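Here subunit A shows up in two complexes: once beside subunit B, once beside subunit C.
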Partner chain A sequence: MLTIKKEKALPALSTVRATPAIGATERGSRRSGRVRRRRTLYVLPAAVFLVVMSGYPLVQLVRMSLANVTIATLQHAWAYVGLQNYRQAFGSPVFGQALDHTIIFVILVFGVGMAGGFTAALVLRGGGRFTVFLLALMVFVWSLPPVVNGSIWRFLMDQYGLLNIVSRGVGTGTVPFLYSPGGSIYSVALVNAWAAVPFTTLVFRAALLGIDPVIIEAGRVDGVRKWQEVKFILLPAVRPTAFVLGVLMVVYAFRSFDFIYVMTDGGPGTATNTLPFLGYSEAFTQYQYGLGSAISVIAGMFILVVAVVYSRSVFRHEKAK
Partner chain B sequence: MWTYFNPTGANGQVAQANMIKQWAKLFQQASPGSTVNYVFIPFAQLDGKLIAAAAAHTGPDAVILNGGSTASDALGGALANSTNFFQKTGLLKAYSAGVVHSVSGKDYSIQPYVNLLGMFYNATILNKLHLTVPKTYSQMLSDMKAAKAAGYWGMAIPGSPDGEGEFSSHPWLTNAGFNFSHPTMASLVAGLNYPAQWIADGYVSKEDSTLNNTTSYQNWLEGKTLFCQSGNWNLTNAATQAKFKWGVFPIPLASSGKIYLGGEALAVGAFTTKTSLAQAYVAAALSEQGSLDTLAVGSIPSRLDLASNPKIASNPEVSAYVSEVRTNGGDYPDPGVKPADVDQEYTIVGQAWSSVMAGGSPQKAAATLLPQLDKIVVGS
Partner chain C sequence: MSKGHLLTAERKRSRRLSNNVGIESPGGVTWSLRALLLVLYALPLFWLILTSFEPPGNVGGSAIEMLLFKPTLESYRAALNGGLLDAALQSLIIAGGTTALTLGVACSAAYGLARVTASGVVLILGALVGLQMLPQTATVIPLFQVFGAVHLLNTQLAVILADAALLTPWATLLLRPFFRAVPEELEESAALDGASQFRTFISICIPIARNGAITVGTLVFMLSWGEFLYAINLILSPGKYPLSALLAEQVTEFGSNWPNLMALAAVTALPILVLFIFTYRFLRSGLTLGAVK
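And now, the complex of A and B:
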């Protein structure tokens, strides 16, 4: 009689673990230790540079913010005053206004920069001479120093500048781009955003070109319209890139200084004062170094929050790999 | 030699460039074989760079600086104590105390001339509209009204939110009774009502709220504006640059109205390694000829022994300013402000002035400014 033994099923491959030999474990562990030490060695010079060039000034900035440092005491020992500079900053009417202006700046630069960059990237996805020419022009604009950019726009926005010549020509009169107490902050922010669009365009374009064409082709075969393609295929695909770019744009907008300095010098009055500009003004035109440092530290705290969000996102992304 | 006078004469500073070239010649005559290397630094950056350099124990051998910034730069360690030098060379006797800038009893700089504000007028527009040179403020308003009706701007006046705006505001704030020794809301609002009225009536462009002395004056040179509040430092420039007939009259102020006796001062750098040469340059510029050379710019030599010089009395444009010195001249910076806070005062007053010139409310500007002033005036 044939007896069939039911054989024990083999465990699934995924649960099979090779038990390494003890010697191999030690060798692997030594090798990974060497690899980590080598990586640390490569990173060390940059880390030292960062500590010296960034860390030390930051420590001095915080020290200054906690001391009475003015033109009269700059070259002498700084008397510790605790949080007095911070209290003075928060209590100043100019500080609240500068914070509001900074938020307006961030919203505008982020919004216009991201939307403008994505739209331009969509349009310039294809190839061709015109696309290449436009991209080269964008890189040129992006590489212009802010002083040059700001000066050109200052001339364009002058009451006798080109924009107002056109405005008067079409019957809308003279527009106070740079001397309206309520509107000049928007003018400067829009110029700042315009200068950032080439960068966001290039990054978004690279992300769009990285999408597998098969997916897009499949969508077209299924009959998706252009706006559906953008909404359901392209946007989700560039979401990780958009997140990183968005963080960078917020940081870029928050620390904007050059365009304000060149175009309006914080004026008229204090209409285009932002936190970074206010910090500069207090420290370098009014020589209230302690107060200026406190304002700069406060501005830095906002950026730190954004930087932490960015770092955590990158860390999670690396871990997921 | 650091200076905000562009030695190439750019930005309309041809007369100033010639003046410092003359000073260099005087220096070279006194110190044969030596040369002067002028380093141009824009006005808004000079004090900051001096102080930053002082922090690094370096800086120019000598500097031509805004006289009103001497206190800040001296407190910041950028300027050498020149009391002994000025005394030994007799310069302290050659100049009045009003143009010798001191901090805590130590002398740091001397102004070879004074600059102050006056009112330039476009004589071509004036004649075209059958107007006369105003002698009173109400006449000036009436002329501006006529200019506006004819399609011109009434006046160009600097309103930048910084020390230049503050310099420009001082005659009007003080004319309304404001003074730093005892600042009050009422006098501050009254003073800020001047630009508010000009803007509301359309005599002055709101864009002037972002213009400094140079750009405001250049706007007037375009020939579309009747008056321009500007300094005697532009007299020689206007003579060569204005494409229309022009003249100058004293700003019509009451006796309370004060016009800053500004102007550049000469000082030796705190970290110079060529002290004797630096002092020789300063002495040359402050000599009788050096002070007289400033007349070519349209400035008013401040050396006491030049007070009755016929070259000054015979110049009609300069005489307008000379009369202002006598009637409305005021110390610069205002002695009512603590020396260490002078730059803060320049900025906050300039910002208030600028905000009103952009169409803002004088009450709101004064309400923001007064609490800040209360902390920096002498006695606070």
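And now, the complex of A and C:
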């Protein structure tokens, strides 16, 4: 419609005349096609920037993963060794252990993050003063730097920290939250989930508030119980949101390193190494840049798969519009 | 019996009437969960503030000893002497620079991609998603090598460039719907009035997408304020660290002087609090929009 109006107002602009039978819309789309191509130039700065600052480094990462790179040879010609770094990574017990930790970490952060967020959204749906304050408090905590939140929890879980003061008070003694070879990974993962819950709450809350009140009211008139309302009305209604959010949470958990770095630095020993963290520490604390790169490439492959799944679902309707 | 029935029916009816937005009046379970959330999110902050005012020898006793104390500014003074102001300045330069660069590049790209519907656009958006999801622990390895090769290590510029590269894909994806929401008629009439495309972008589209730019700008600032992995590895002398890197280094290396560490954490958090107060309403709506299309 609009393009027709424009064509009428400015006939001289459309230099390429289409046959009248095809009509004005055809000419309009051709003109806007030219405008669109010119508009695409605005993508150029970002494209150049990302090719130089992300694309090229990624190529370097893959090249380093195929070579023997140490601190001494980092800025010199690299000796290519084929897949040796990958063989070394897959063959080492630390790698398998880090893989296990990554799976525990992702499951916990995903599970607690999603369930906690949905529950918190349920109880924070109202518009009362207290709920508004509580939601703001949670989002504020979420917006704090992870290094700040991680420091607080490192202190809370320390032998002099609040959790152990309470634990000693109730008679369970001092708990080595961050110093136990088997348990530390759970501590760090739970804190990570804690930091993510405000975000999932916000998203779930928006989805819950978007449900047509008539549907909920109809259920109430029919006498459904509260848990039935949650199970049969609210949960199904937020399922599309939950899918996209769930993928984001898996990625968030997988790539998370800040809480590990601040709270345990991968330790004690190797007890809290996840795959991405292991790749980092091989490179920057063992100075095995080649091996670190190989582990990072393996971790990146996982992200690649998730990115494809995510893009397919989120951009499904792009072409149609 | 019948009276009791009547009463419950009456209560039910009034409850239904009282909430026309479909929210039950909260019961005991709801209130206990709310209380739990309050404890989980307020108590750590309270303990942070409390500890930062403790005299150094006071941590380690019982809760009562922790609560009954004479507040002291000693820890803040110690932080101030430990290069706090320099670090804050570094943080400001890095976060400010990253925000300016990311917003500039991402707004332009979001505008450029807003109306593209060709089949290739899904590929571009997918690539942005992939870049956005890459672990930072992976990208820091080649960035260390690349910045070393061009002699940019140990500069704030390296951290700004790395942070902006990390955040630009995400910022572009988040901004795109805002530029999409600009009415096409408006852009066309601007063009009819003789405005160049750049002029239309600057004085029509940017003002309309303002809320998006504020949300994204705030988040980019917050994220680059807190970023420490690039800072710790790309800046070689700890004297040039921003606050986040300083805190990360001190917590991992001398993790025992808790009042000092909590004071440093409080100072690192303070600018975020100020920013949060001014931008919460944008964040609340913008975040949910961006997360789930």
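Quick notes on this structure:
Please note the rule applied: the second predicted complex is superposed on the first by the 267 of 321 C-alpha atoms of A that agree within 3 Å, B and C clash if a C-alpha of one lies under 4 Å from a C-alpha of the other, contacts with A are read in each partner's own complex, and residues count from 1 in each chain.
We take it that a residue touches a chain if its C-beta (ideal position, glycine included) is under 8 Å from a C-beta of that chain, and two chains touch if they have at least 3 such contacts.
Everything quoted here is computed from the prediction, not taken from an experiment.
Set against each other, subunit B and subunit C differ in how many residues of subunit A they touch, and the higher count belongs to C.
Contacts of A:F284 after superposition: both subunit B and subunit C are touched. Applying the stated contact rule after C-alpha superposition, one finds that A:L83 touches neither subunit B nor subunit C.
With both structures placed on the common chain, the touch criterion links A:D158 to subunit B and to subunit C.
Of the two partner chains, both subunit B and subunit C are touched by A:L74. In the overlay built on the shared chain, the residue A:V51 is in contact with neither subunit B nor subunit C. In the superposed model, A:G269 lies in contact with subunit B only, and not with subunit C.
Once the two complexes are laid over each other on the shared chain, residue contacts for A:I107 go to neither subunit B nor subunit C.
By the touch criterion defined above, A:V314 reaches subunit C but does not reach subunit B.
Residues 74-75, 158, 265, 284 of subunit A lie in contact with subunit B in one complex and with subunit C in the other. If you check the complex, the residues on subunit B that touch subunit A are 44, 48, 51, 54-55, 72, 75-77, 159-162, 205-207, 209-210, 340, 343-344, 346-348, 351-352, 354-360, 365, 368.
Within the complex formed with subunit B, the subunit A residues making contact are 70-72, 74-75, 93-94, 158-159, 176, 178-181, 264-271, 281, 284-288. The residues of subunit C lying in touch with subunit A in their complex are 16, 20-24, 26-27, 30, 33-34, 37-38, 40-45, 47-48, 51, 59-60, 62-63, 66, 104-106, 108-109, 111-113, 115-117, 119, 121-122, 124-126, 129-131, 133-146, 148-149, 161-162, 164-165, 168-169, 172, 184-185, 188, 191-192, 197, 201, 222, 225-226, 228-229, 233, 244, 247-248, 251-252, 255, 258, 261-262, 265, 268-269, 272-273, 276, 280, 283-284, 287-288, 291-293. By the touch criterion given at the top, residues 2, 6, 9-10, 35-36, 38-47, 49-50, 53-54, 56-58, 60-61, 64, 74-75, 119-120, 122-127, 130-131, 134-141, 143-156, 158, 160, 162, 165-166, 169, 194, 198-199, 202-203, 205-207, 211, 213, 216-217, 220, 226, 241, 244-245, 248, 251, 254-255, 257-258, 261-262, 265, 276-277, 279-280, 283-284, 289, 292-293, 296-297, 299-300, 303-304, 306-308, 310-311, 314-315, 318-319, 321 of subunit A touch subunit C in their complex.
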